[in-house]
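In what comes next, chain A is part of two complexes: it sits with chain B in the first one and with chain C in the second one.
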Partner chain A sequence: MIRKKICMLGAFAVGKTSLVERFVKSLFNARYQTSLGVKVDKKSLAIDGRLLELILWDLAGEDEFVSLRLPYLRGAAGLLLVVDGTRPETLDTALALRDKAISEIGEVPSILLINKADLAEGWRIDPPDIDRLVARGWTILETSAKTGRGVEEAFLALGKEMLQ
Partner chain B sequence: MSAGKPATEADAGADDLSVLRRLLLRPEQRRIAELGERLENPRLRARDVSRVLPEALRLSARDRADLGDALTPTVETIIHASVRRDSRRFADALFPVIGPAIRKAITEALRQMLQNLSEVLEHSLSRRGLAWRFEAWRSGRPFAEVVLLHSLEFRVEQVFLIHRESGVLLQHLSAGNVACEDAGLVSAMLTAIQDFVRDSFAMADDQTLDSIQMGDLTVWVEQGPEAVIAGAIRGNAPPELRGVFREALESIHQQQAEALRDFSGDPAAFETDAVQHTLQQCLQARYHERPRRISPLLVMLLLGLLAAGGYWAYTGLREQRAFESYLQALNQAPGIIVTRAGAAAGGYRVQGLRDPLAADPLSLLDGEGPLDPQRLDLHFAPYQALAPSFVLTRARRLLRPPETVNLALADGVLRLSGQAPARWTGEARRLALALPGVEAVDSSGLRDPGRDELRALRAALSEQVIRFHVDTTRGEADAPTLQRLARDLQRLQGLAREQGQAARVVLVGHSDATGTPARNLRLSRLRAEWLREQLLGQGVDPALLTLRAAGSSEPVSTGTGPAAQAKNRSVTLEIHLTSQQDADR
Partner chain C sequence: MSEALPAPVSGALLELLLQQDASAWLQIGKDGILNDMGGELAHFGLRGLVPGEPAAEQLLFLAGMLPLGNAPVTLAAVELGPDRHADIHLLPEARRDWAVLIDRSNSLYWRAQAQQKANELNLLHRRLLRQDSLPTQTPAAAPAMASAMLCNALDMTVLERQADGGFRLLGTPPAEFVTLCPDSWQTDKGFHPQREFPFLENFIAEAERVWDTAAKPRRSGPWVETDARGGEHALEAIAVLWAGRRLLIIELLGERYEEHRNFLQMGRENVLLRNYLEEQVHQRTAEIRAREEEIALRLVWAAESRDDSETGAHIRRVGLYSEVLANAIGWDRPSVDDIHIAATMHDIGKIGIPDAVLRKPGPFTREEFAIMKTHPVIGGRILAGSRSPMLQMAKDIALSHHENWDGSGYPYGLKGEAIPMAARIVALADVFDALVHARAYRPGLSADAALEIMARNRGRQFDPNLFDEFVRQQPRFKLIAEEQSVMLFEGFRDNP
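What follows is the complex of A and B.
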């Protein structure tokens, strides 16, 4: 069994917590996130016959008032970056957050999740932007907090990358 | 050189080379062909692998932890398939282990239960225990839990070994019957809290949050370079426990230096016995062992009770002794017989017989002694005792003897002595025989002075002659003589009455022989009448006196001389004594 710490980052109100809550084991109340700035959940996976236990640090979303608490990133073996597909600026925030994180903890596997995929017709992120990121080697998944689509795959993808 | 020649030359050269190769490398070529055959032929390859597989598995299991992970899905699949195909075979295989496993689980559960039960019993009936029971009732918690919490000084309930940088849990131990949340999440959250505090208060990286306290639960955090030990402690942990945590942490850093440095998420390296044992050292607990001090108040109370008990026993004994000697005194007292005696509610009860003449039973009690008369319940039935003293007393009461009489009793004979009127004596002799204890009366020692006096007085009065002059009816006796006579007569009457007799005095008138008989008779009667008048005048009872005129027929003196004649001119007294009954009749 392998235990890994991963951090979930994203702008304020991109729906990180609601995206994963159906897929993780929660012990702590969501209030922890507003008071401590982080909430810890657990996700167990089996990848190639190996058990992987992800300790998911769900960090409070960043905006102009709340900045990321960098110490929470320490020791993370992977990053989940969450973007709100209807708010293009959240993509920039996610990229900036990743840069911040990388400079703090070094290069780690990252996966970008474009959330609220059920509102695909309301998407305002330019497809070329996404293509450019994919070309740069990003793994990008579309997810839906409502249907849960793509979430399990996102964990699996990140897990696989971390185990390589 | 033509275009083809070199080719031909080259061909020739190649041939030569191959010939040379064949000549030089034939054994190796054959070997390569053999190896190729072994690699290509699945049967041969399987045989080869089967030769090394056991050893390979052994080595892999020893050096690499991922073999187990790799095999797990396969083994699970095999087990699934096997159970589906023939569950009975699987059950047979499990049978020898499942029994002991269940027994072990039951034993463990029973042991835990007994431990809790003994704790509960120990505290059930004490004053403190009752208070705890009340608390359990009030708080709705099980009594055993309340007992545990109160008798606990401290207990390390959980120990976390945490990778410092990532907060990933390396190892977790908990004390028996402590409910644990997901340790992996708790360890991550603990790390987050550490980070939060350090970040929020701008503390240096080497500064750490040592302790988190909430209620009676404390979380102690001990930081090492690569790992952290966190202990959840219930109660008041002693400072020396810090040292235990620190030593454990140092020891783990030493044992697992490499594994800690290269940690990449696999906690298997920390599942060794050595790490477990080191962490186990941190799971300490201490329970209150209150020295059983006896409160001074209790000691005083006990001493007081003891003193009171001693005093009570002492006074009880003293009283008992006094009662026994009192009983002895009662039994020795004449006229008292104790038939039953003993302690009764509130004191002592004595039953028996008592002669009314006997001493008052209470007077026999030593007034100054320890026996309180109020605590005596005396019941005596009356009876007559035949002790000589009682018989005599009763005789005295019954006979009312004159002071001149002595009474004595010997062998049932009542002896009367001294002086007493015959009338009393006769009555006494009659009455005394009716007294219990008197069988005979001896009154020979008793004299009657009244009878003697009566006899003497009678004699004296019978000699008395009251003279008269010739032919007169007036006596010569002067007043004092008459007074003395009257007094003697009254005395006579009294004495006779005392003797039970009636006295009658006849005044007999006489005359001398001169004169006629008729005249003499008349003269003698007048003389007697005169004397009676005189005596009555002196207060003599008229009933005592009767008259008789004798004339000259009963001369006092038979002489013929003038002196004799003078004697005959007189009145004499005849005293008659009859018994009282005759007199009454």
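What follows is the complex of A and C.
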């Protein structure tokens, strides 16, 4: 079995923990509970006939209270950058975190998740900003930890990229 | 401290607890012999203490106090020397030893901390008394084991790195800890905690540096593990090199983690609420602002429709560029909204320029140019005296958008930061948009070509830092510049 470490990165309250819970346990808790520190979960996936064990590092969101501890990123083979579609500033945070991460561990496959797709009517991220990232080669997926939309696909997509 | 200390683990623990304030500690056997000591003893004038000798003979404040009773006692504000006062916390037995904490007496905060430590050690005492079946130890191992038990009872697990890369467990881990990896706690086998807790794979690499270089103890930061029943447990690891021993202390954070998390949650919920309310206010005022903007734009258009070189779309785009740039440099939301409208009025003073000058197709004479250069002052006068922050900003922009960073602009030759920031922003936006769009007398340039020209005036015409930010925002500006459907206002497209 191949093991790969994935780090979940993003601003606070974008839904990183909820995405992991949804993916690993098929659970969704509507109440926001902030993370402190790191939570590590595992889940195995079969991709193209190969068994891949994902070691999911759910890192506490970054804000004025807490900043990312770069040593946590060591050994990461992929990044899931999570953005809250209803809070445009979380896109800037995710991009800044990616830059930090890349400077620490080098280029690794990354996927940007615009989470809270169940609240898409209230999204305030400018579509041109997303188009610009897509034009630069980013893989961007819409997810909802609440409905499960896109969650499995997101981890699968990153898994595939990491195996390439 | 001596290398031959009998209790390295408790010493490391207490050092960690006390290292940030000038405190000291003593461990005294039940026979009254001073067994161990550490911290800032010299700070309290406690020098020349000899382990292995009766404690009360060396420390006057202990005279008559030993043996200690069952309850912790604090001797407040004990004079240990000239201007040296301390609170001394006497903590009854930690199974084999008494602990004495010596703390500054003038800090309520640290007094509270010391009391907390006293309470924890008292708890330790009770818990140790409940443990009936302690493993039998050899005399040499006993003090280290007792020290490890001190940690264990404080919800810490102490591991010592072995030569083969595995770890040896010291003492008995707390029961809560065992639930996390019930099959792995066998003291006769090497233990590899990173196999149970992948989080430690990273931290052990950091710990190696602490152990190899005798660096200060290092904390891992908290992490969360889930037991077989789905219960979550917050942990933190501490790497310590103590008397040559490579220790990894894993602490169960328990309520402290929850308290910290609750504190963080409260702060973050407040931030979310504040942002939500700001957004609500913004949405509610958006309609009012849209009306305000339309009135402003219609008036500006009325003023500028005489000028063949200006278009309504240009006016509108200058507002959009300015909004993006103001946002990028961190302006607050109301000010960003203000500049979106205020920037459109930058040339409103042209209303006072005669047709013969304003609409002249060829180059200006010196006199005509002098007349043209009065439009900022006219604009400033038109917009002056308002109590509206947006119109006050519009006045600054109208008056100063032709000032140059090096003082060579007009009307007043203002220099550097004496030029209002809003005017510096609009100066960039105005020039950029004029360059990238065709005029009657020349074709439009590409954004890159426009920037190249503008870069020559970085630090001369333009604020250099602002110009750099402007360049960073180019992808957004290009989108605005390429937008063919920019309307001056709803239902009015002036430049098809």
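We take it that the second predicted complex is superposed on the first by the 152 of 164 C-alpha atoms of A that agree within 3 Å, B and C clash if a C-alpha of one lies under 4 Å from a C-alpha of the other, contacts with A are read in each partner's own complex, and residues count from 1 in each chain.
As a working rule, contacts are C-beta pairs under 8 Å (C-beta built on N, C-alpha and C of every residue); 3 or more make two chains touch, one makes a residue touch a chain.
These numbers were taken from a predicted model, which means no experiment stands behind them.
> Clash or fit: chain B and chain C on chain A?
Partners clash after overlay.
> May I ask you to decide whether A:38 touches chain B, chain C, both, or neither, giving the answer as first, second, both or neither?
After superposition on chain A, A:38 lies in contact with both partners, chain B and chain C.
> Using the touch definition from the top, say if A:69 reaches chain B (first), chain C (second), both or neither.
both
> In the overlay, answer first, second, both or neither for which of chain B and chain C A:77 touches.
In the superposition, A:77 touches chain B alone.
> Return first, second, both or neither, reflecting whether A:51 touches chain B, chain C, both chains, or no partner chain.
After superposing on A, A:51 lies in contact with chain B but is clear of chain C.
> Which partner does A:128 reach: the first (chain B), the second (chain C), both, or neither?
Touch status of A:128: second partner only.
> After lining up the shared chain so the two structures overlap, which partner does A:27 touch, if you call chain B first and chain C second: first, second, both or neither?
Only chain B; A:27 stays clear of chain C.
> In the overlaid three-chain picture, which partner chain does A:13 touch, first (chain B) or second (chain C), both, or neither?
second
> State whether A:2 touches chain B only (first), chain C only (second), both chains, or neither.
After superposing on A, A:2 lies in contact with chain B but is clear of chain C.
> Identify the residues of chain A that lie in both the chain B contact region and the chain C contact region.
Residues common to the chain A contacts of chain C and of chain B are 5, 32, 36-38, 40-42, 55, 57, 69, 71-72, 74-75, listed in rising order.
> Name, in rising order, each residue of chain A that touches chain C in their complex.
5, 12-13, 32-42, 55, 57, 63-66, 69, 71-72, 74-75, 87, 124, 128-129, 132
> Would you mind writing out the residues of chain C in touch with chain A in their complex?
Within the complex, chain C touches chain A at residues 197-199, 201-203, 205-206, 221-226, 234, 236, 257, 260-261, 264-265, 267-269, 271-272, 275, 279, 475-476, 479.
> Considering the complex alone, what residue numbers of chain B touch chain A?
Contact set of chain B toward chain A: 66, 69-70, 72-74, 163-169, 181-182, 184-186, 188-189, 192-193, 195-196, 198-199, 264-268.
> So in the complex, which bits of chain A are touching chain B?
Contacts found on chain A: 1-5, 25, 27-28, 32, 36-38, 40-42, 46, 49-51, 53, 55, 57, 69-72, 74-77, 162.
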